[in-house]
């Protein structure tokens, strides 16, 4: 096919991929080139999903205003999930209490150990508590939002629900996340926040605005990291539904690991959790910055400030793997 | 008897199907064992005060915990859970919940546990500091206490399944019980390392029979002579829980709420 | 400035749904039975290739209602999954409304709806109305359009009393109607129905058939009906696709199917009591139950009126019916013939 102008039509033909041709596209992008398919891709991408649809109704502006963005859809899912969970009120409240109880016991174990041993190498209980708090808050957010990926294996793939997700015009990752948004896991969040608050009070840190932002960033970066792990676990479910424990291990083993300063672990272990699954970047390095102990690692302090970003990178990498898994599903039919 | 053996072999065959799962499960256990080992190691290096258990005993304890981890009733039959949610509960649970179900749980639990524990014993002993039993008598007592732990574990699991008849979504029950068992059986922290004022409470609860008692017998923390009353109490708890389970089952069947049309 | 006509204008108008030489392969792991076989399976896995679709071709014009039948494992649901964009075939061409389903999945899926008889697309714990709301957000339908479509569907299908009931508490018939409504909320132009009447009682089946018929005739929604229930096919579809072992065996009107495979008709006689043996040179007795006799005859050899007058003259006939052979027999005949 050679290059050509696309004609202006009063009614876009059914064959129009995105429904907007040439001058009609509100972004003003004109699709003409020697490579029509390539042009279509750019055109469609720029239009951000605005489409004419079979009735010829065109959307205003760059976005189709009827089509909620990803975050808003997640929020809708969250409300719906919440209402679904409230059907089982007793179990829901019990779940929250159980969560707080369960996670509280973990910090109690740490406290008991410190009561027996006094210190963990050069770290005191409040310092370890800070690590604990950040790690658990991150995990709690990831658990709440990403529970859909956790149950993905045995529920969605095995029972064939994934086909339905493919039949809906949204990204599958978003839909899987929306399957189960559980507020119950916020029990862990509350407990982590309390512990972090106690640690901060006990430590008497000289707070600056950047440090506060770093703490918030660590929590979010860690949430991205753990979400990425949940997604990877779900990706594995496309191949087998039986060995998903590996990821549960890395996730929950990871949070356990992260609750203690990384320096106590052996070399290869440290490297794994710094470079492969960058847990250290989530709470250990930021803690070093906040506690002014940045000399413990041979890394320039500036990099340490940026370490939570690796969580985001990890999440994006996981989403790539997700697409790979979906492609596999669609060629083998599960 | 043949029926139970059939269940066991079928489950074993099914497990061997998923070879990736076998390897992954082992990797899981090693991972957890290593983390715990390193953490305890670091703590012991931080203080020279005498502790209720020696470092070697604690490390052995940790690896024993990983080896027999699969016996813990920390998760329930997800099928039963889905059945209750979907409204099929009447069909599935119309069978009387008696020893049949109890032993079926047992058979299902044995297969994966046996697959996992042997490599961990071997590698733990070879590389990671898992010490051999303190004495032949200790080894014998350990075996007996493990049997008791098995029975106790299955009875707790069965009891929890029964309790799901009350809360339609069993997740709350599972979590609560799961965390209680998790902490109180000793797998997170060996029970002797808990503060002294907690020890009476820990001794009163049945969960120590799952892990703490057998492990301490193995590493000599509980001498073979002391082991006998401990093991007997585990059996007693098991019997009590079976009775409670049957009673709850009878009441639960009467209160059954069937969903859907 | 010269405006050259676009290539798309010049190309021939493509069918609404077009499938050409579709091939889909699956690989099934084979394992030896028993524990030893399982142990061996730990180290070495064998795989068997299954041709779920082996060169399937057909095209469907807009507004048609086509039945799609075949035995289990013939490739019906695989075809529907490919058309839906769920599966990617190994070879062949497929276009639905001008798009390749698996390539432009999101846009493609916006224009189609699906109902699977055995699995619901609604959220199990939520009231029906909330499922509808969620679907509105997922499909990005404007609130006004959604409300209009929803009101219409609720009225036509009688869903008003069900809207606040959680889906898990609905009966099968109610759930099916809700699923039908859910699949149409975004006004798709194509509807894939997979066993929509399975497990339903007779009045519910009739209601569903009625609704689908109206949908097709009055709204022009293209329907592909996959089913085992041949009554559905007979009631709704003029055109039938028969698939077996991944290949299309028949593609055409139902009547042609009958004619092509079984060139015969049936006469059922209700005789008065005490009638004896029934026989006729041009007809064969298929079955006799007391006073009821079923005969088959070849309409090419003897016309129906001629045969009827002969029979009524010879025997005490109280009532008679002339009909086509039941479609189950027609289909069974096709399967067995093609299997040879």
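Just so it is clear, A, B and C label the chains in written order, and each chain counts residues from 1 on its own.
One rule holds in what follows: contacts are C-beta pairs under 8 Å (C-beta built on N, C-alpha and C of every residue); 3 or more make two chains touch, one makes a residue touch a chain.
Quantities reported herein were computed from a predicted structural model and do not represent experimental measurements.
Chain centres here are means of the Cα atoms, and by that rule the chain farthest away from subunit B is C. Measuring from the average of all protein CA coordinates, the nearest chain centre is that of A. If each chain is reduced to the centroid of its CA atoms, subunit B and subunit C end up 51 Å from each other. One simple way to say how far apart two chains are is to compare their mean CA positions; for subunit A and subunit C this gives 41 Å.
Chain centres here are Cα averages; for subunit A and subunit B they lie 33 Å apart. In subunit C, the residues that touch at least two other chains are 124.
In the complex of the two chains, the subunit B residues touching subunit A come out as 18, 20-21, 23-25, 27-28, 31-32, 34-35, 38-39, 41-47, 49, 51, 78, 167-173, 175-176, 178-180, 182-183, 188-189, 193-195. For subunit C in complex with subunit A, the residues that touch the partner chain are 1, 3-9, 14, 24, 26-27, 78, 81, 84-88, 97-99, 102, 104-107, 109-112, 114, 119, 121, 123-126, 130, 133-134, 137-143, 166, 187, 189.
Here subunit A touches subunit B in the complex through residues 88, 90-95, 97-99, 101-102, 105-106, 109, 112-113, 115-121, 154, 240, 242-246, 248-250, 253, 256-257, 260, 264-266, 269, going by the rule given at the top.
Across the complex, subunit A meets subunit C through its residues 1, 4-7, 13-15, 17-18, 36, 51, 53-55, 57, 64, 66-68, 72-73, 76-77, 80, 83-85, 87, 159-161, 163-164, 166-171, 175, 327, 330-333.
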